[in-house]
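A, B, C and D label the chains in the order they appear, each numbered from 1.
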Amino acid sequence: MSQMNMIQAVRSALDVMMHKDPTVIILGQDVGYFGGVFRCTDGLQEKYGEHRVIDAPIAEGGIIGSAIGIGVNGLRPVAEIQFADYIYPGLDQIISELARLRYRSGGEFFSPVTVRAPCGGGIRGGQTHSQSPEALFTHLSGVKTVMPSSPYDAKGLLISAIESDDPVIFFEPKRIYNGPFDGDPNKPAVPWSKHPGGEVPEDYYSIPLGKAEVVEEGDDLTIITYGTMVHVAQAAVHKAGISADVIDVRSLVPLDVETLKTSVEKTGRCLITHEASRFGGYGAELVATVQEECFWHLQAPIERVAGWETPYPHAFEWDYFPAQDRIIASIQKIMEAV
Amino acid sequence: MTPKSRLHIPQPSARPGDAPDFSYLSLSDAGAVARPDSDTPASQIENLASDLVRVLDDDGIAQGEWVPDLTTDQLLEALRMMLLTRQFDARMQRAQRQGKISFYMQSLGEEAISIAQGMALEPGDMMFPSYRNQGLFIIRGTSLVDLMCQCLSNTRDMCKGRQMPIMYHNKQANLFSVSGNLATQYPHAVGWAMASAIKGEEHIASAWVGDGSTAEADFHYALTFAAVYQAPVILNVVNNQWAISTFQGFAGGERRSFAARGLGLGIPGVRVDGNDLLAVYAVTQWAAQRARQGGGPTLIEHVTYRGGAHSTSDDPSRYRPKNEWDAFPLGDPVMRLKQHLVNTGYWSDEQHAALEEELKTFVNEAWKEAVTYGTMTEGPRLDVRVMFDDVYAEVPPHLERQRQQLLALREQSE
Amino acid sequence: MSQMNMIQAVRSALDVMMHKDPTVIILGQDVGYFGGVFRCTDGLQEKYGEHRVIDAPIAEGGIIGSAIGIGVNGLRPVAEIQFADYIYPGLDQIISELARLRYRSGGEFFSPVTVRAPCGGGIRGGQTHSQSPEALFTHLSGVKTVMPSSPYDAKGLLISAIESDDPVIFFEPKRIYNGPFDGDPNKPAVPWSKHPGGEVPEDYYSIPLGKAEVVEEGDDLTIITYGTMVHVAQAAVHKAGISADVIDVRSLVPLDVETLKTSVEKTGRCLITHEASRFGGYGAELVATVQEECFWHLQAPIERVAGWETPYPHAFEWDYFPAQDRIIASIQKIMEAV
Amino acid sequence: MTPKSRLHIPQPSARPGDAPDFSYLSLSDAGAVARPDSDTPASQIENLASDLVRVLDDDGIAQGEWVPDLTTDQLLEALRMMLLTRQFDARMQRAQRQGKISFYMQSLGEEAISIAQGMALEPGDMMFPSYRNQGLFIIRGTSLVDLMCQCLSNTRDMCKGRQMPIMYHNKQANLFSVSGNLATQYPHAVGWAMASAIKGEEHIASAWVGDGSTAEADFHYALTFAAVYQAPVILNVVNNQWAISTFQGFAGGERRSFAARGLGLGIPGVRVDGNDLLAVYAVTQWAAQRARQGGGPTLIEHVTYRGGAHSTSDDPSRYRPKNEWDAFPLGDPVMRLKQHLVNTGYWSDEQHAALEEELKTFVNEAWKEAVTYGTMTEGPRLDVRVMFDDVYAEVPPHLERQRQQLLALREQSE
């Protein structure tokens, strides 16, 4: 066991897998000699060589497209997209090729690409370094989509992603790279060493994809969330002084419906929160799933707390961010309903 | 708005009703282009991107330094494979007209490219075909029945009913799955070649796109990555003069050849007579050798002509002269190889006619077998259960649930 | 008034707008001399010249990207993407540029691009000519998304889209280009001349974006849908013999929440159906919106009937398609709930 | 896996600790490259994509056919504008270090490009800058206070608080909105130029990207569309040798120049000394004239060096020698123009120092004014209501509702 922040945990996952499986290679902008703009691959090129940790041209579509070919030829590529905001030039290769290759070839071809991308706001990144585009991926058949909320989960889930023969889009909420964040930017930063999620085994371990985690248990309400918002939601629950299940979805696709169902059937009330803007966000699917599965148990409308339906603005970062106050307001609304 | 405008709109040389005009095509004489060593630096062979490598002259005589080392038996086999491809196309075209399959795309007039390249590459080399490379599947031994069953989406369909006709693959034969999305296979080929180089293997990759498809992003990505990593890959542009209704000028072909597209990245380009099986074979061998030696990528432009409609959904008489193919100065690849073999005394019109008959029968036999596995309208049908397979490596619970839902519904309605 | 099919109605909208506004231009693959693979621009190049109806290279990102620049320079481009399945190479320009240009430039720059794309299945197009990717667009802030279900609506909505200073993604369900389709491929094709939606004025008229239409009124149930499924849903309602509001959303963004609300408050039961696969589809947002707005009126869980969560398969087109039988099964489930 | 590999990994000439080495740069002597007429066909001037157009020699003397028609006053103004850009950068860099702004990107060492091109183009020509073209904003008269207020996201921010620093625009001055996404502006410029040609107007467009960004799809789209429609556009690649940590070899610059990238489409390329204001001016004028005459696009590669870090988030000492800029053979653009003016007798060290002081004061005054409109930490703040404006032309009901929701929440918490 070590103390790791999320960057170190990601790096450790990559290191463990590169060591364990010589077919694992890394491809991305600035990932090689430099070790990545967020340092997630620091030291790996020195350790595994230039042919396994490969600096790439600034061409996201080329990175994903060539990674697919690399994967078809028996290697196991982990592609880094420098910011989730820059994944869009690679969307066609993800949607049209990566996601559907196995299906269209009758199961004969596949490419086990993992795409890592830092996502989310709260680092003064403005509209081009703050996005949470997970909903564009969760609608696709054929890729899995994952977002961890702690170093421990990041490592275990990333290892599963790399080992998976299915393509995985792995979003890393960059606001919590260095520590959990409760949504209040005015409070001093908390390091991961102060959080149990920062305890990370140095060796191999994996967390299966498709399993949510109940990070906090309670009776009155179910909060379903993922990424940075797990911590914000927990803080809001404590501040509101209510007893709630806080569920970290972790694996957005495939979704662990059972865990959600068990909880909402118990509490009868449900709040869903994410950073991405609300309309057509992943939260919409969560609402739809919960209302389909648990309708007869619901004692109040399911509420969504999410980014506003605007781009993520630089100056209004903390007005845009779905912070504790908005969650608490919705909690109150839900709890008042009779 | 003023009517004044300087926006240049590319114009094809002839429209329906006009006389065909291929004066825009710059041609070299057969044998006229020198063959450099395959390790010559790209900067010294830029002429190959503008000249046209040709071996067979107008009389069907092989000329010059590019004459490949092919035995008569190999040439006869090549002719057979080209003819087989053409017969296959004709049969499938007819099947579509008869409503037996939903769609089809012929490679009429372009058969030499797939057959020559299929012969020039090693079995371990990986191919990333476009939808007009059925010849690659044929030359690599895919059974016609398998190809037909794919087009039929029937119980023996390699794609398990998931793809439109012609989207074949053949894993064993190292033929990648054909995509409906243009040019996406180009970066795959480069990535595959990169992996081969990483692993230190000798295998190279090869990919094909049409002239029109070069405008897509993936063309650029592939060239860039191939140049940066000097990937052992052959990137082919099959310039059949037309996309759907737009001629190659709309892909930027008015001023320079497609072979020249990689020069700015230091990728050598070779422009070859795509209707000359010997020339295509020679150029492919050259590029393959270059790649295997560590010389990196080569871009080959095959100058040819799309002899048929774009697809069974298309009617080319709306946008180009009906007789344009007849006027194409590089002729018909089958006739050209036939002429060569007849000239050299190893072949005759009678043998040719007999071969055509033999292959027609062979194709018809295959078709008869293929339809026993089902057609769109009759015979056995694929089990609908497979619709939910292969989305992921293992069927996840939600898809299993959906499968059961569908089955319950089907039972109910019976 | 004329009888028009949807292709003619689209062409008429383009014609009317090109005549009325000399800044309107068309750009797309095969749209010029040939008149489009679906013939939607037939005759327009001859009428308006090669500089206003422009054949484009096969480069969807280039079409959208250059259309943005054309729009910034005072023209009003209508870009055709040959099949919605091929819009993905243009996604980066839509998401990162077109949708956010006005916002990021403080309102000073904008580009009034309309992107037309035939979508949907039912024409034996397999997984690459059958897709309904609307959910990838409805999550974006800054673009509007529209899908008509009749020639009359197609013309009126397309004219509004072209006139709008906002970018509009305009999906045309190609299965109903030539006639309404009730979901049964074995029945003889019905032409638009047999349907009131095929009555189309030849001149200018417009239908405002952001307004849903109640295409059929009833008391027991609300069906919310759009595109081809409007007709399938209506047929299912008749076959099931129930009395239902069938709402054609038409404008997916902005969404006419009021019309949905009024109906569901009346009926207390709601079914949502679309062709796109279910998970994370636009229907998820409809469920979420309806349950938020009408929770206390709901007498049964909102049901979704949608494409399965697989790619659209060639051989199983009619097993994939959310046809009448599936809708009727869900109607029964909803109506049985007490 | 065998350790054997032929995957080529581009290697920069020097890493931290190594001596800088620019021997890979091929240079021409000042005045050595002939100036063709601006209507010369692309095929006859391919040398311009490999040679390097230079005017100022090592002694600061203007040489050869490319010497532009610039008065001393214009040159002095250019020097002033370059210096102003540099002072502005220095001040903003400091502001970031002081925590007054969140981020900054300098154009240190690349000032000649924006200033020269800003002077060479007409006011009606539309510019599509990258994030390292602040000089264009300055030369086109954007007030420093406006630029600073953008970086401050304050009450006078032209972007209304929506963008990170340096994402300026200036509608009146025909400067397009800078994007955080690399290369996306390239097809916009081509489209804008197409529209100009459709309307029959004389205005041309110009766009800038970095060497690294040429790998993006939009670079390819833009070149293709520009070539097909012969759009009146100047496409600039600012090759400052580095992307972030990767040198220009990772964008395919190891074998051919970036200027050569359009040759395969028939787009002329000109490689110019980007640190030589006179050469950049002359080449831009040439390309602009060509475009205005209906000669279509030109691709200009500016050979320069990124004197500073990539951005305030970057630490270049991790990946390149600290003193690399000092060894750059094309020097510092400011010093080179200064030397030229001193040599010609119109300028002196004293005047230069005085100008620097004057501009420093000018910039400081601007900064003092800018902060009165608010900073990240103090002073007036933008009204949060504007967050919901400009998503659409008109605020739709759902955004109005969200605005009210937020305002209610804010009131509650007060």
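Everything below uses one rule, namely that contacts are C-beta pairs under 8 Å (C-beta built on N, C-alpha and C of every residue); 3 or more make two chains touch, one makes a residue touch a chain.
Being a predicted model, the structure only gives us computed values, none of them experimental.
Enquirer: Farthest from chain C in C-alpha centre terms, which chain would that be?
Expert: The chain lying farthest from chain C is D.
Enquirer: If you average the CA atoms of chain B and of chain D, how far apart do the two points sit, in angstrom?
Expert: That pair's centroid distance is 43 Å.
Enquirer: Need the CA-centroid distance for the pair chain B / chain C, whole Å please.
Expert: 35
Enquirer: Between chain A and chain C, what distance separates the C-alpha centroids? Give it in angstrom.
Expert: 31
Enquirer: For chain C and chain D, what's the span in angstrom between their mean Cα positions?
Expert: The computed centroid separation for chain C versus chain D comes out at 41 Å.
Enquirer: Which positions in chain A touch two or more other chains at once?
Expert: Within chain A, the residues that touch at least two other chains are 51, 54, 56-57, 59, 61-62, 85, 89, 92, 96, 103-104, 127-128, 141-142, 255, 279, 309-311.
Enquirer: Provide the list of chain D residues touching at least two other chains, using ranges where the numbers run on.
Expert: If we look for residues of chain D contacting two or more partner chains, we find 1, 5, 7, 9, 157, 159-160, 162-163, 167, 179, 181, 194, 198-199, 215, 217, 220-221, 224, 228-229, 250-252, 391, 398.
Enquirer: Using the contact definition from the top, classify how the chains connect: line, ring, star, complete or other.
Expert: Topology of the interface graph: complete, with all chain pairs in contact.
Enquirer: What part of chain C is in contact with chain B in the complex they form?
Expert: Touch residues, chain C against chain B: 22-23, 29-30, 32-34, 37, 50-51, 54-62, 85-86, 89, 124-129, 279, 308-311, 313-316, 319-320, 325-326, 329.
Enquirer: Which of the residues in chain A come into contact with chain B in the complex?
Expert: Those residues of chain A that touch chain B are 25, 51-52, 54, 56-57, 59, 61-62, 65-75, 77, 89, 92-93, 96-97, 101-110, 141-142, 144, 164-166, 210, 254-255, 257.
Enquirer: Any idea which chain A residues touch chain C in the complex?
Expert: Residues in contact with chain C: 61, 85, 88-89, 91-92, 95-96, 99-100, 103-104, 127-128, 135-136, 138-139, 141-142, 253, 255, 276-277, 279-285, 287-288, 291-292, 295-296, 298, 300-304, 309-311.
Enquirer: Where on chain D is chain C touching in the complex?
Expert: Against chain C, chain D makes touches at 126, 128, 157-160, 162-163, 167, 169, 171, 176-177, 179, 181, 184, 186-196, 198-199, 205, 217-218, 220-222, 224-225, 228-229, 389-393, 396-398.
Enquirer: Per the contact definition, I'd like the list of chain B residues that touch chain C in the complex.
Expert: Interface residues on chain B, with respect to chain C: 1, 5, 7, 9, 15, 102-103, 153-154, 157, 159-164, 167, 179-182, 212-213, 215-217, 243-246, 250-252, 313, 318-319, 381-382, 384, 387-388, 391, 398-399, 402, 406, 409, 412-413.
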